[in-house]
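Down below are the structures I want you to see.
Shared between the two complexes below is chain A, which pairs with chain B and chain C, respectively.
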Partner chain A sequence: MNKLFARFPKESGFEITLAVFALAYLLVFAGLPLLYNIVLSFQQVDLMEPATLLRPFAGLANYHDIFSRPEARQVLVNTLLFVGLSLALQVVIGFLLALLFLQDFPFATFMRGLFLAGWIMPGLVVGVIWKLLFAGDFGVLNDLLMRSGILHDRIFWLSDPAYSIYAVIIANVWLGVPFNMLLLSVGLAAIPGDLYEAAELDGANALQRFFGITLPMMKATLGAVISLGAIMTMQQFDLIAALTQGGPANSSQVAQYWSWQLSFQTFEVSAGSAVATLMMILVLIVAVFYVRSTRNERMV
Partner chain B sequence: MKRYVLFVIALIVTAVYLFPLYWMYITVFKSAAEMFQSPPTFWPAHAESHIWQVFTERGMGKFLWNSFIIACGTTAVTVFVGTGAAYALASVQNRWTSLAIFAVLVLQALPSSLMVTPIFTAFKGLGLLETPRLAVVIAQITKTLPFYIVLCRASFVQIPRELRDAALVDGASPARAFFDVILPLAVNGILVTAILVFLQSFGEYVYARSLILDDQYQTATVGLSAFIGATKIDWIGIMTYSAVFVTPILIAFMLLQRRIVAGLTAGALK
Partner chain C sequence: MKKNMRAVCTALGLAFTLANAAALAASLSVWAVDEPDNYTEKMAREFAKLHPDVQLQVRKVGFSALNDEAMRAVMSGNGPDVIPVDNPNTAMFAARNALLDLTPYLVKSKVIDVKQIFPGPLKNASWNGKVYAIPRGTNTLALYYNEDQFKAAGLDPNKPPQTWDELYAYAKKLTNAQKNIYGLAFSAVGDEEGVFQFLPFIQATGADWDKLNNPGAARAAAFWQKLLDDKLASPDTLSHRQSEAAATFINGNAAMDINGPWELMAVEKGAKFKWRVALLPTEKAGGTKASALGEQNHAILRTAKNPQVAFEFLEYMYSQRGRNWNEFGMLPPSKDTVTKDPKWPDAYKTFNEQMQYARPRGPNPEWPKVSKAISTAVQSVLTHQADPKKAMDAAYQTVQSIKK
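Take a look at the complex of A and B:
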């Protein structure tokens, strides 16, 4: 340990001491569980057994087990759909809102701030409110869609397997849009205004200015926003718990919720940790992408 | 003219976005008959209040108290341990701190719902589930600490290095320079981030649901989810519960809105 410290410049000894507490904590309570999860996924875990670290080795049996389940394919498709569609909608809507609120009109920043109310609320409460909005027979969403002539028949958003995953995606987009809008606003505000003036003098129209200046200048921000959005969507648990709990018949099941259900509702911890391990690999890949895309922005 | 067209558009967009919140508050005051009326009413005909019921029949006071304790514990430890780390990672620059920043950012990305299985199994082995609220605090800090370090580091980065160097030249120890010079300047960022951490822990669900087995220690989120699980859904009760839970959060947010926005934009992209 002393040898390790010796590598640091002497005068920053105080700062290093400060950092070590937090990093040690994270190493023990986040790093070790991360590794332990991988170990668990190769073990045969029985929750009824007395607590022990050494359990029978199962090899790849747990992984084989989860992939041979009938719902595996659906969970995979749903997870990709959930992340992909949520991201696409969040970024597009967030971008449009960011462009709108950067215009000059009364109360623009105040109204933009109001949007963050959705972001600050507990996910479970947001899920419960959306569950009420989505209600089939007395829900206000169906009522509004039918009154405006978009729908002719009620949709049972949460109990119809054809719609359940989209209902969860709609609620998740609602949750994620404010954060996307905020980060994209920051990126947009940082583009120098004289670029647009010069382009306007050269006769570029609004569309040409958007594709010629805005989009290329926003590349780094978009990279960060997309990867951060993917991370937040892959973390989403509360909404699914409140809305559909993966049902009906796994039609809205996604990997992170499936893993929890396997471990805590059917007590198949081995299968649960195998799903978690696979999902974490995906999260880590996106996380590395995120860190790299924000690094360009860092001014340190 | 164009300004007012934009203003009206923005007003409509904001109203549409905030409609779910409006719907929650409006449902709170509806009567049972009006609740299931089709088409739904957009303003309660005869306002009623069910707040008292939620507290007596659902034991909401106890749930809120547990959430409050857990959020306080989480925030206290996060601020105590995280502030120094944020400062260190902002002021020292070498290969090791880059690696640490990288690790912290990656840890921030890990979903609680996937971390909870190994944490549960390990905590069970260690006997930590005997003190369930402490177990949730320990687990929740792994989530809030990286978030806190990232945002606080951003506010430390904004403080000019010269201030610390000047204090050192004047003969102050690094610890004094930190406590007397740097910390007072960062107090704003620390406070806002701490409140965000508190609000996040106050609404935490996965760890509370999975690690707390005794109903007596359960949090407000789990109490809410038990409410939906009932066979006959009492929507007015659920919305009242949600409104009681969320209103203090929204008030805190409204008061701090400007600072939160500034802190987030500085922290997330820098």
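Take a look at the complex of A and C:
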């Protein structure tokens, strides 16, 4: 503790004031709602009661409630699938695209700009577009897959419980790739070019240069991209609302959408808060990784 | 002189304050959900034109976001004056003390005579014997069918299907996979829209939302399952909203479509074939006729700043009900509505007849939970995750526990 305070005198008063403002802002606009959500998850909540902190204490009943629901297992599996697959594909595709656009070819910057257009679009709009692409009978995706001979029968992406979660993941990957590409491009551009030149002189081939220089130098950026991607994926809501609403029969239900449905569709606020609190713990763990990876970045 | 100036200033200041107060007293904030022909928005603009002193604000809210947005608005006290409410949810809002009790206003009203409102819509606008909302119109479901495709399939357009068996047989004859035509389109999407479409089927068997353990409910679910399994309706029925089902009918990709009168404008505009409307088939010949009761109510939030202006707006909308059918594809909400020279006279007759069999959803203050239990059961049957009887029994248990 003493060590912590000992740091302060070195900083100027102005900086401390700024930090205090930032801290106050965080507490009021991020901290309090989070705390309130945790409190709600341990209470019996009836909606429409005035916003008060004094509600009957429910202990772990809300948590027990959500885990004893028949869909709980499926939601857990779907959430892991959704976050895991989305992240893996977003990072890999984003990295490959970033490498591609690093090469010098005509219209490289223009095309990179086009990719970003997808990222700017609101999730709901992207959802509506993907709903048309995924449509079973007349969707573009089925048409393409069948024309190219990959499929012989239509896939009902959004209505077949075997595919619905993957349909949502595909749309989410599409939505997330530009962001990954952008951050990774910045990271790639920051690697000093003379490193590559030296390696080339030493006779390292492209693959060796990638694993010997690019990947280690990108460690911090990758850490940041992965943690930010995980947080954004765990928050992804609009897409699911527009595409499947967690259906059919919960086959594409993920925790964040479930939490919303419980809180605001069936008004089971306590259960919804419990799910949200569990999600928050997950995000916190990821956030710790994020902070650690950015700290490394500063040291480099 | 100085004194005069001061007096003038004071007077000006006072006038300004008064003007401000007057402007505030006559502000009206209305929410509208996405809807065909922008009914609420149109009505609000007409009302504001008649009352130049009224400051009007209209905000569009998505149908699926309406409930939670409204709840949050009430909790924060910053809500609009008038909100649209899907009719089964009026009880939910009223029971939680979110809505203004309109009964005292209605006693004095010269425009709205509650006794004239049809019992079904009135029931879904009331809670505990008090009226909390005014139906803007009413609607129900019927069977649209494509006359040209009927003829092409060798079916008599004058004899639409009367029973489920006939509906199945017709759908089978009309389905043409090569031409991308399904026999029937409807919506089994996993929310209130799907439930709205499912209820007439279980009610035709004698079951109902609070009697899901009645074997009829399982028969209805099994019938839907058979329609999907045999590809007489698109597998995407599970994710299609009613508007999407209507679109496939309009494009000629479904020969029949279970839908409401609000789609009439779209059908008239888009369909390049002769179409008609028939009553929903019953389970067996001469069996119980049933249909869903839909359309929105308009309510005034308890936190409304200008309840008087808001009520006058509800009166204005109600006074325009004679335009419901021709302009907005809604049925009249009351016995005394005069619809002059109705468009699509045959459809008007059919929908009005069907209306006699329309049953309210609920009322139950926990309707969203009831609805969720039903749609979960339906979807688990249609995806073969549960057999119809088990699914309906489970939903019955859920609804029982909610009702208590």
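Please note the rule applied: the second predicted complex is superposed on the first by the 262 of 300 C-alpha atoms of A that agree within 3 Å, B and C clash if a C-alpha of one lies under 4 Å from a C-alpha of the other, contacts with A are read in each partner's own complex, and residues count from 1 in each chain.
Keep in mind that, in the parts below, a residue touches a chain if its C-beta (ideal position, glycine included) is under 8 Å from a C-beta of that chain, and two chains touch if they have at least 3 such contacts.
Keep in mind that this is a model prediction, so the values were computed, not measured.
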{"item": "Partner chain(s) touched by A:23 [first = chain B, second = chain C, both, neither]", "value": "first"}
{"item": "Partner chain in contact with A:241 - chain B first, chain C second, else both or neither", "value": "both"}
{"item": "Partner, of chain C and chain B, that touches more residues belonging to chain A", "value": "B"}
{"item": "Partner chain in contact with A:266 - chain B first, chain C second, else both or neither", "value": "second"}
{"item": "Partner chain in contact with A:115 - chain B first, chain C second, else both or neither", "value": "first"}
{"item": "First (chain B), second (chain C), both or neither touched by A:279", "value": "first"}
{"item": "Partner chain(s) touched by A:201 [first = chain B, second = chain C, both, neither]", "value": "neither"}
{"item": "Which superposed partner A:150 touches (first chain B, second chain C, both, neither)", "value": "neither"}
{"item": "Overlap of chain C and chain B interfaces on chain A (superposed complexes)", "value": "51, 137-138, 241, 263-264"}
{"item": "Chain B partner contacts - residues on chain A that touch it in the complex", "value": "7-9, 11-19, 21-23, 25-26, 29-34, 36-37, 40, 45, 51-53, 97, 100-101, 103-108, 111, 113-118, 120-126, 128-133, 137-140, 143, 147, 174, 177, 179, 182-183, 185-187, 221, 224, 228, 231, 234-235, 237-238, 241-242, 256-257, 259-260, 263-264, 269, 272-273, 276, 279-280, 283-284, 286-288, 290-291, 294, 297-300"}
{"item": "Touch list for chain A against partner chain C, complex", "value": "47-48, 50-51, 135-138, 156, 158-161, 241, 244-251, 261, 263-268"}
{"item": "Contact set on chain C toward chain A in their complex", "value": "64, 67-68, 71, 74-75, 92, 96-98, 180, 182, 189-191, 234-239, 248, 253, 368-369, 372, 376, 379-380, 382-383, 385"}
{"item": "Complex interface listing, chain B residues touching chain A", "value": "3-4, 6-7, 9-11, 13-14, 17-18, 20-21, 23-24, 27, 35-40, 81-82, 84-85, 87-94, 96-97, 100, 102-122, 124-126, 138-139, 141-142, 145-146, 149, 157, 168, 173-175, 178, 199, 202-206, 209-210, 221, 224-225, 228, 235, 238-239, 242, 245-246, 249-250, 253, 257-258, 260-261, 264-265, 268-270"}
